[in-house]
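Please read the structure below before turning to the comments.
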Amino acid sequence: VDLEVTHWWTSGGEANAVAKFAEALNATGTHTWVDGAIAGGGDTARPIMISRILGGDPMDAFQFNHGRQAEELIEAGLLLDLTDVAEANGWKDLVNPSDLLDACTYEGRIYCVPVNIHSWQWMWLSNKAYEDAGLAVPTNWQEFVDTADELRAAGKIPLALGGQPWQSGGAFQVMAVALAGEEAWLKVYRDKDAEAVMGPEFTSVFEAAAQAREFAQGSNVQDWNQATNLVITDQAGAQIMGDWAQGEFALAGEVAGTDYTCLPGLGVTEVISTGGDAFYFPAQDDPEVTQAQKDLAQLLISPEVQVSFNAAKGSLPVRGDVNLEDVNDCTRKGLDILAAGNIVPATEQLLSPDTAQQINDLMTEFWASTDMSAADAQQRFSDIIANAD
Amino acid sequence: MATTHEASAIAESRAAPARRPMRLFRNLSAKIASLPMVLVAVVIFVGCTVWTVVHSFTNSRLLPKLEWDGLSQYERLWSTPRWYVSIENLAIFGILSMIFTLAIGFVLAALLDRKIRGEDVIRTIILYPFALSFVVTGLVWQWILNPELGLQSVVRSWGWQSFTFDPLYDADIVIYGILIAALWQGTGLIMCIMLAGLRGVDEEIWKAAKIDGIPTWKTYTHVIIPMMRPVFVTSLVLIASGIVKVYDLVIAQTGGGPGGSSEVPAKYVMDSMFAAQNLGQGFAASTMMLLSVIIILIPWAYLEFGGKKRG
Amino acid sequence: MLVPNHSVRIRDLTLTYGAITVLRDLNLDIHDGEFLVLLGSSGCGKSTLLNCIAGLLEPTDGQIFIKGRNVTWLEPSERGIGMVFQSYALYPQMTVRGNLSFGLKNARMAQAEIEARVAKAARILQIEPLLDRKPAALSGGQRQRVAIGRALVRDVDVFLFDEPLSNLDAKLRADLRVEIKRLHQDLDNTMIYVTHDQVEAMTLADRIAIMRSGKVMQLGTPDEIYNRPQSKYVADFIGSPSMNFLDGHYERGTFRAEGFQIDMAGYQLGAPQVADRPAILGIRPEHVATGALVNAAPIKGEVTVDLVEPMGADTLVWAQVAGKPFRIRMDGQARVVRGDRLTIGIDPSKASMFDAKTEERL
Amino acid sequence: MADPASLNTLAALDPVHERTGSVGDMTGPRGRRPRRAFSRANIFLYGTLILVSVYYLLPLWVMVMTSLKGMPEIRMGNIFAPPMEVTFQPWVKAWAEACTGLNCEGLSRGFWNSVRILVPSVIVSIAVASVSGYALARWRFKGSETFFAILLIGAFIPYQVMLYPIVILLRELGLYGSLWGLVLVHTIFGMPINVLLFRNYFAAMPEELFKAARVDGAGFWRIFLQIMLPMSLPIFVVSMIIQVTGIWNDFLFGVVYTRPENYPMTVQLNNIVNSVQGVKEYNVNMAATLLTGLVPLIVYFASGKLFVRGIAAGAVKG
Amino acid sequence: MLVPNHSVRIRDLTLTYGAITVLRDLNLDIHDGEFLVLLGSSGCGKSTLLNCIAGLLEPTDGQIFIKGRNVTWLEPSERGIGMVFQSYALYPQMTVRGNLSFGLKNARMAQAEIEARVAKAARILQIEPLLDRKPAALSGGQRQRVAIGRALVRDVDVFLFDEPLSNLDAKLRADLRVEIKRLHQDLDNTMIYVTHDQVEAMTLADRIAIMRSGKVMQLGTPDEIYNRPQSKYVADFIGSPSMNFLDGHYERGTFRAEGFQIDMAGYQLGAPQVADRPAILGIRPEHVATGALVNAAPIKGEVTVDLVEPMGADTLVWAQVAGKPFRIRMDGQARVVRGDRLTIGIDPSKASMFDAKTEERL
């Protein structure tokens, strides 16, 4: 059976990773992977996916950030219930951390397969850039801040940041959890406590963000991987970006530890969020297709595929029972943190897309315009949180 | 004589099928042939618009739902800074692009109308960008306006080190960067329309002006331009309908950046609907766009068509 | 029935565009084989009437009969009419032959019959050598012939012409006018012909209907219209140069105006008894006698020449009578110049008199 | 005739004689006024036009030049400079090798899809629009103008407003995802401007022609097909150009209303341009852009004068 | 100098468009205060000549003098000319006042002076009540008056008219014709007037220049042109209905044709000695005597009436002579019908005779 899979993984590392899925599916001999990649990120791809599902001509599987995005599709009965597959294969036990599966669960039924863990809480630094400037590679946010001016003087952009709104929102959120601490962060992002936003912890986050804004001056790029590329090519000192950036480093042949350094939680609060990607399967009439969809679901979470896929993608597998051999430095760090249980939920699970969008908009504006003071941004952020659903 | 008339008239009317046929079936094929147009007008343009307006009063999220939510989407819309930035941008872009497109289009058409050599070639050169999509336009101009690779770096490499021209990376002027691309793409068509309009001007008007000793420029400003009102109206309609929809260009050129400073309403709509998964918000914003279009169109339609009926 | 054989009858025809009434309760009977000219100034509704007869406009009210058939609701092609337009309206992408046969093909006529008819029409109109040309390759006169041919081949009862000659130059107009006249003599069809050129109207018509704002003002033979106009409007409209009008009073058989009076003894009054009243006397420029003929006229006077317009065959002289311009038509060979004194004679029997208020003929 | 007064006049004109030559010997300027080829007006006129042409050609030049360079040269140099070393690799890559996700067929995959979308869409949309315009111009019926006004206002409605309802509509019609659904969408959105053009054009055609055909017994369709159509080449060219460019360049509808096997070339273009792998491969992007724009460009260059003529007939009047 | 006072002189004017020569070595002298009409069929170069005089077209060769000044290279506005166009060419968005004053304002004339001139022109042309209307709200005749006014205010030496009345209907045309004539009498300007309507030409002109393919065929007074056409072309062109032509031979004072012969004793030959040769005899329809006048004519004959065209003031009768149509113009009151036998008389002194080959007058 031909299975059409829509996703927005089109950058080099991503495409490489998707290929592992496709190979695995094609290797079954009975099913074929029909690739429906749409470039331009989730914002381009989502309307297409939703239209197709609404239009009654859905693809067979599609990539989504799991979390609250798909709730309504489930309510409307448009998605395939995977509970039987999950139960038959004991997903409950093998998915680690378990809240990944919770995110796929709606009223007790399971509707998606998590395929990886992506964590946002990383800062990537170019060793060469610091070397060029005659500096030591920072080991935490404070050191980074202290050396930023010297780095700038050496003709480097201290902090690379792309222009897409989600990057701004993401970078802020990483700084928030790192600098304000897990507790304050959860109060704001999970409990929607507007008071907490105005508290001292977040005040310092906003001040730090205002500093970071200075450091980011000059990175005139749009896409995240172009920003990453600035680090790879040593034009920029650092980038705050999720672990998917590793795929780019890998593709460029860079080696963790020697060419670049990673600081989970900005080297301050070493946590990682357990966000990630998941696949959903629109409900289809043809039972044969339904069966194939279920086969694919099971395949995606199978140990071999998890290993090969996550190695390529630079993310962590969703099951605790696979062994990632020869993982690099950074992945190791991530696995260790994961094993230690220092995890926080991903923002996708906490915030509705609407709120996330508002935060992204605010952050985009904040990062780009030097005339918005940290206090203003803080106030507006607090308003958004107060109205969040 | 009168009686004979009567008699014969009655005789005639009795003999012949004098009944008026059903109105509905007169020219039936014309009506059938117009059916697609009527359907599009009613079902798509009216129906979908009503659908959208209705749903703008709901709290639809990812899927359209009829759960009433009053005016809250509108309250939210008008308290969103990004919306203000969007409409401000659209206003600046709209007004400037109307003025410049009309002005440049007209001036170019006037130059081409001067019986010049190689008119065909130049006209084609000015017109060809219209064949390219906004996506392509956006890309090329993004590339040319890229400060590291494009115009700025080239001028600097010629030795003018302080030359700075990076509209796409300067929040204050980014909308002008978009305008440059939009003008490049759109002026050709307007020029063509203007040229056609100029060609339609009675040659004797020109002769009369020459004999009156009116300088050429003054003939244009005082005689020709006022005469070309319908042409300007057509052009304006074309430009305006493009402006409301400007979306692709922004996406391709800046993606709304830097820092959301080149946001436009259409993008706000798209983002609300698909990124934020808040359809109600998107519909509310679309409704506002529609409303502004109608506010602009109604007086115009009144001027254009209302006057004719009375006269 | 004793009524003459009517080819086209129009009963109470009314046509309105919204608030504008173009035709109002119009009645018109056109005899079989008659050449009727609709004459009127621009915008008076001539074309509208013709289009109603043709079925190209739907009347708001009233009925139209052609050959005794009520055709009010029939399609144009079913009415047995042919129509010729001012702009020729030839199908530009078809050859002359195609133009002629288009209507016949639409009626699914047999090919042989079509060819015969086209050949016949082409012979009558002398356009045989043009049959394979396209309209663009024809001169104006030839085009109009083809347009007439298009009506001819359809073998219709009634020909409708809407200013067919207006687009031609003077010379060609005169030639084609004669051809149309001949055609009518040969075919004996009913023809309804719209024009605002009075020479055309006078030369072609069996009867003329003078129209004004959607009404027929007078219907009569050219001779009646010219010599016994029923109203000042018609009198003024017909005749070029137009009739001279003198304001005055009719008092017991005499027309009195400022400075002179005319004994109307020879004038044939419309009614046996006409009360005294303000009146207008109309005299055609060519009915003003000059030179040797003055002596034969009952009334004489003298005027000064203001302006002379030589027109070849005759000469138009402008003078003043009672302070108003007065036109006199003289022989083309007459030699007069500005300032000359001229003796003129007027014959009341050739004049027309109108009520000053109603402007109707007395 | 030669009275003294005239002599006086001549005398009074004497100063003029000195300037322009005397009447008696008929000298003075003769024939065409001598004209410098480089008069100030001409320099201004052609100067402006050349500058303008440069502005309009610049992007095309940049596109072509960039697409012929290798990446290193792009990074080094000047975007306006011609390539030092011409390479067609970017074109090959854009056409046949560029990857999106797992598909590495470049634009070639989308090209035929675009053609398959373009042909029926252009034909159907023009057919519908021309018939509607004809009906509006010549067969008005009660309300027809109202529908037309609605249609015109429709030209101003942002597409986004109708994206969702049309999805639902197509689903109900069972056309969603099919090529014909997309054809329908293109027909709908091409309608306002094209109906306007056709209506104006047909209305400007002599009414008497239409009347003559009716007298000749031709009905709605026959008049349209046999009389109007053969006379409407210019407006069909304009309409065709507008539709070809619009449909060929469309991305949103192509991607929202069809399935991947029907994705038009622009989707591939978007994918190539947006799938950044490391650095942006500007040369490939430009080659892809040019390849995508080729069809409408050719249509433009080929139709030339007809376009202006059609515009004159369809847009200016009415 | 003994030359008459020339207002406009044209010397060896040539104008070519690429390979097409529109005007060829044209010479024309127009007197001061003269009303010259350029008459000719469409495309013969009338407008081209007028545009050259106005400076709107640049001649390929030749010179143009206005009031003794060589204006060949001057701008139109410096030539002291005003021009009136067929399409009126009013500035549509300006009021009548604006139209009249635009040119003056542009010449930086004082406001008071402008107003005075506009007022004067408006008075002369009787358009005072219209001054604040826009052209769209005027009738054709009013528009043309405004167009004339635009030339009037500029107080020019020479008025140029390019078919100013062609767009008007017959009635209005006749009225405006008279007004132009009057204007000329009052102003005494030089006027050059292009038309292809011969009635206009005949009534307006002091002299007429008949043009054909860029050449002047004959230049003369209307009387000369009408009565002594120098070529068959001119004879045929002028006069409506046109001249009757009879093919035959001129042999020692006698014109012989198939079936009859005419003694040309009364005919004034162009040259004292004319050799025998094939010739064409031209007789104007109105010079054919009928009725009582026949007896006065030297030569008589009898014809059968083919067709009658009553035209109001006179009646045109078509007959056949030597197998060709022969037109006879009779009085409007004459009563003839098809088939009547008619005795006609011809006076050779009023006829024209042309060489059959060169078509020049004998």
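Quick notes
Each chain carries a letter (A, B, C, D and E) given by its place in the written order, and its residues are counted from 1.
Going forward, a contact is a pair of C-beta atoms (placed from the backbone, for glycine too) under 8 Å apart; a residue touches a chain by one contact, two chains touch by 3 or more.
Since the structure is predicted, the reported quantities are computational estimates derived from the model, not experimental observations.
Path length between subunit A and subunit C in the chain contact graph, taken as the least number of steps between touching chains: 2. Of all chains, the one whose Cα centroid sits at the greatest distance from that of subunit E is A.
The geometric centre of subunit B is 15 Å away from that of subunit D, both derived from CA atoms. In this assembly, the C-alpha centroid of subunit B lies 52 Å from the C-alpha centroid of subunit C.
Averaged C-alpha coordinates give centres for subunit C and subunit E that are 26 Å from one another. If you average the CA atoms of subunit D and of subunit E, the two centres end up 50 Å from each other.
Looking at subunit B, one finds that residues 270, 273 touch two or more other chains. Counting only residues that touch two or more partner chains, subunit A has 47, 54. Contacts with at least two other chains are made by residues 163-164, 168, 270, 273 of subunit D.
In the complex of the two chains, the subunit D residues touching subunit B come out as 45-46, 48-49, 52-53, 55-60, 62-63, 66, 74, 78-80, 128, 131-132, 134-136, 139, 141-142, 144, 147-166, 168-169, 187-188, 191, 193, 195, 219-221, 241, 245, 248-252, 266, 269-270, 273, 282, 285-286, 289, 292-293, 296-297, 299-301, 304-305, 307-309, 311-312, 315-318. Only residues 1-6, 9, 11, 31-32, 58-63, 65, 67-73 of subunit E touch subunit D when the two sit together in their complex.
By the touch rule above, subunit D contacts subunit C in their complex via residues 206, 208-209, 211-218, 222, 226-227, 230-231.
Of all the residues in subunit A, the ones that touch subunit D in their complex are 4, 6-7, 9-12, 15, 18-19, 22, 33-41, 44, 47-48, 51-52, 54-57, 59, 223, 225-226, 229, 232, 248, 251-252. Subunit E makes touch with subunit C in their complex at residues 41-42, 169-171, 174, 177-178, 181-182, 185, 196-199, 202-204, 222-223, 226, 237-242, 284-286, 307, 309-314, 316, 318, 329, 332, 338.
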